[in-house]
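Chain IDs A, B and C follow the sequence of writing; residue 1 opens each chain.
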Amino acid sequence: MTFSDFWQVDFGPLISALLSALCCNVGGNLLLVRNQSMTVDAVSHMVLPGMVVAFMMSGEINFFNIFWGALGASLSGIWLVEVLSRRHDRSAVLGMVFSAWFALGILLLELFVDSKVHFDVNHILFGSLESIYWLGLRAGDTFDLSIALANMPADIPILIGILCISMILFMVFYKEILLVSFNYNYARCHVKYSSFLYYGISVFVTMTVVAAFKIIGLIMILGMFIIPPLLASFFSNNLFSRNLLGMVFALFICIAGYSIAVYVPAYYLGEEFSLNVGGTIVSFGAILSLIIVSIKQILFLYSNRYDNTLKISNI
Amino acid sequence: MQPSVNLLDIWYSLTFSYSYNASIVCLALIFQGLISGIIGGLLLHRRKALLTDTLSHATLPGVGIGFLISLFFMDGAREEWVILGGALFTVVLALGVMRLLERWMRQDAALSLTLSGFYGGGVVLLSYIQTIPSGTKAGLEYFLLGQSATINLAETTLISSGALVVFVAYFALYKEWKLLCFDQKYAAALGYNINLLDLLLTILACITIAVGIRSMGLILIMGIITIPALTASLLVKNWSAFILTSALIGAISAHIGVSISAGLDDVPSGSAIILFGMLFYFTALIWRTLHDRYGNLWARHETRQDN
Amino acid sequence: MKYLLECKNLSVDYGLHKALGPLSVKLPKNSKIAMLGPNGAGKSTLLKALTGVTSYKGSLIKNYSSFSYTEQRQEVDWDFPVTCHGVAEMGLYAKVGWFRPLNKQHKKMAYDALAKLGIEDLADRPISQLSVGQQQRVFLARSIVNEEAELFLFDEPLAGVDLKTSEVIYKLFDDLISKGKSIVCVHHNLYDAADYFDHGILINHHLIAQGDLTKVLSKKNLESAYGAGIAVPQFKKRNKVTKVASAA
């Protein structure tokens, strides 16, 4: 493999995976501290009927159609969850609503979408990272920026936009986000408009899911949301530094997972073998978290340092 | 493309007189609905409904492992029990990982980490299977979305034996479940081994999920476990009646859903079951809202506690 | 006399369930007011209506410019990644306003509030490592850090805390009163209520009695709130407890 191969074949998928992981990390941190990380799983399942309806109405798979359709479906689902969870246990309501939305999506797909049309559920479920081609990228003399930009996959500018906006919003509203996540009722009666922020976070998470799930896959997006913040939470006790540390971990697991998925099987088994990239990134991250949390627990058990800090002083 | 509707087929399927194979499928799904209702009711009151989601996604690597075993050690004969056994194995493994992680981190973080880890591993395994040149890999994706139409007698036997285990465990430990779901600390104080009971409950959930992925698919199984339980919680407030109602709603929506799918071309049975369950749920929700607002619509005397 | 707060025919519905019947309450200025009543009587609900967290019907006349509200300790997630100093700072967020960061003086104020509750040495400790009493003190530090507030609303600050912490809270109340502030506090223990408070509101969905605490806690009022057979608390001087605590 040469550098030119990497530039032509691997750069597009890799940069998409990196960008989506960075986007997910911001929302994931907020959900993790609110104990609502399973919301991502529900939201990602809820996109299906919206995508199918958008596809039925427009007749073509266009990034923007899919985006708005998926956003509409998942926002309506989340709204229903918020309404019904006043009456029931929130987790059960999440499960009910997402399975109903998903069932509706499957039904619409079977009923109204011709099987000859390329609307592949497997692509949605497993991610389409391998099918992202960034034409026009050439190493060396033939590289032309305008061609490269013109052929850029639509996901990349959207993800860059979401990442920039989310980081700016996170820094500007950091103290309000902290307050709303920690104690919503207190925020509501003391800080004006904080309920907008509370629901705004949910809307933002939904948008991130919708923008990123096509790349990583419908269900693996949960791993992208939760694993980097979880890894960061083992090392930091501050929301802001968790966010930055989570970015580092997101970059690390993406590059490592991509390498494992693409280069290792090709090296040992032959060129035609490669694993699903999204799945490899997520399972690598999960194993890494498992190892780190185990080491942390073992250190916790066999060190006196922690005993001293945990001892409540007699005040 | 319009679906062709045959109302007579729906009626035949509802009365078990469509065909032998269809009746087998119907029976399997009714059993599935019954035990999902029971397990869902118990999990709802343990506040662990999302555990189902994690465990059902954890079946995917098991399906892959089972397929590989049947490919390499059994000359490619697609034995369903090997695949289901693989699914049960990884679900129980995921359960073990979950219980370990729950001590070390928050519950929902543990749930999501286990879910994404196992599902990611399953996807990797499936993508490896796709690149194996030989083998009948067609049909593996049915485990994602469910495919009840091709259920045969052997699978129905598997599902009903799983159902039998759940029934026996539920009725044998009736009062223990009640205690566990209501107040586990009190149960512990009475001398019950809470960890053991909880483990038993989650293993029953594992069985329900493992036998259910073939008919419902690993995503929609979440629906058939939560919807009947939530519907029943709107309708009745008495524990034993609650579990019974939940099981019955599960069975009825499964029966009607699979019959509709028999009569209407292109309607997948899993979706039909879930959407019918949602219809029940919203009916119950409207009834409950009216009941709360305009007093007792049902001719029963429920005294409202006014403390 | 002008009242701090007057509510007329105030009622709260939770969904379809009536949480708090119509009641009319008048709260005097610069006094320590205990809100008493059995479990589920709507004490926390009344507090939430006063702060605007829940919607209510009826009229509410507020003769104060700003207030400070402290929820029950159990309502928040104590594993949240924030330090004690960070929690205390949160009390200033509303004053500082959107977009603006906190400056050095604000950080000093948060530190002083922690010092007032005797936990300045815990300032940089994550809140996940606190005991119940320390958690309550951090919460109270957050509520007093904004000194502009005129009314302090506390939801069961004395529940489950040890003698030492309750002593700190008692001193805090006196300190606030001496600065001309008012305190409304949900309280459960009838038997030490008179130690901390001078004014009482007894509710059980409806108002049963309000006024001077010793008069509110009469046998007739208590029986109509809690049912027959409740032992009427004997009022003792507080000094004894103070001595024990200071000796220890």
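By definition in this document, a contact is a pair of C-beta atoms (placed from the backbone, for glycine too) under 8 Å apart; a residue touches a chain by one contact, two chains touch by 3 or more.
For clarity, every value in this text was computed on a predicted model and none was experimentally measured.
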{"item": "Chain nearest the overall Cα centroid", "value": "A"}
{"item": "Reference subunit B; chain at largest CA-centroid distance", "value": "C"}
{"item": "Distance from the mean Cα position of subunit C to that of subunit A, given in whole angstrom", "value": "42"}
{"item": "Whole-Å gap separating subunit B and subunit C, where each centre is the average of the chain's CA atoms", "value": "47"}
{"item": "For subunit A paired with subunit B, centre-to-centre distance based on mean C-alpha positions, whole Å", "value": "27"}
{"item": "For subunit A, residues that touch 2 or more chains besides their own", "value": "35, 87"}
{"item": "Residues within subunit B bordering two or more other chains", "value": "106"}
{"item": "Touching two or more other chains - residue numbers and ranges from subunit C", "value": "15"}
{"item": "Sites on subunit A touched by subunit C in the complex", "value": "33-35, 86-87, 172-173, 175-176, 178-179, 181-183, 185-193, 233, 236-239, 242, 309-310, 312-313, 315"}
{"item": "Residues of subunit B touching subunit A in the complex", "value": "1, 3, 44, 47-50, 52-53, 57, 97, 101, 104-109, 111-124, 126-128, 131, 141, 144-145, 219-220, 222-227, 229-230, 233-234, 266-268, 270-275, 277-278, 281, 285"}
{"item": "In the complex with subunit B, residue positions of subunit A that touch it", "value": "32, 35-38, 40-41, 45, 84, 87-89, 91-96, 98-100, 102-104, 106-107, 110-112, 114, 121-122, 125-126, 217, 219-220, 222-223, 225-227, 230, 261, 265, 272-276, 278-283, 285-287, 289-290, 293, 296-297"}
{"item": "Touching residues (chain side subunit C, partner subunit A) in the complex", "value": "15, 48, 51-53, 68-71, 75-77, 80-83, 86-87, 89-90, 93-94, 96, 98-99, 101-102, 118-119, 121, 125-126, 128-131, 134, 164"}
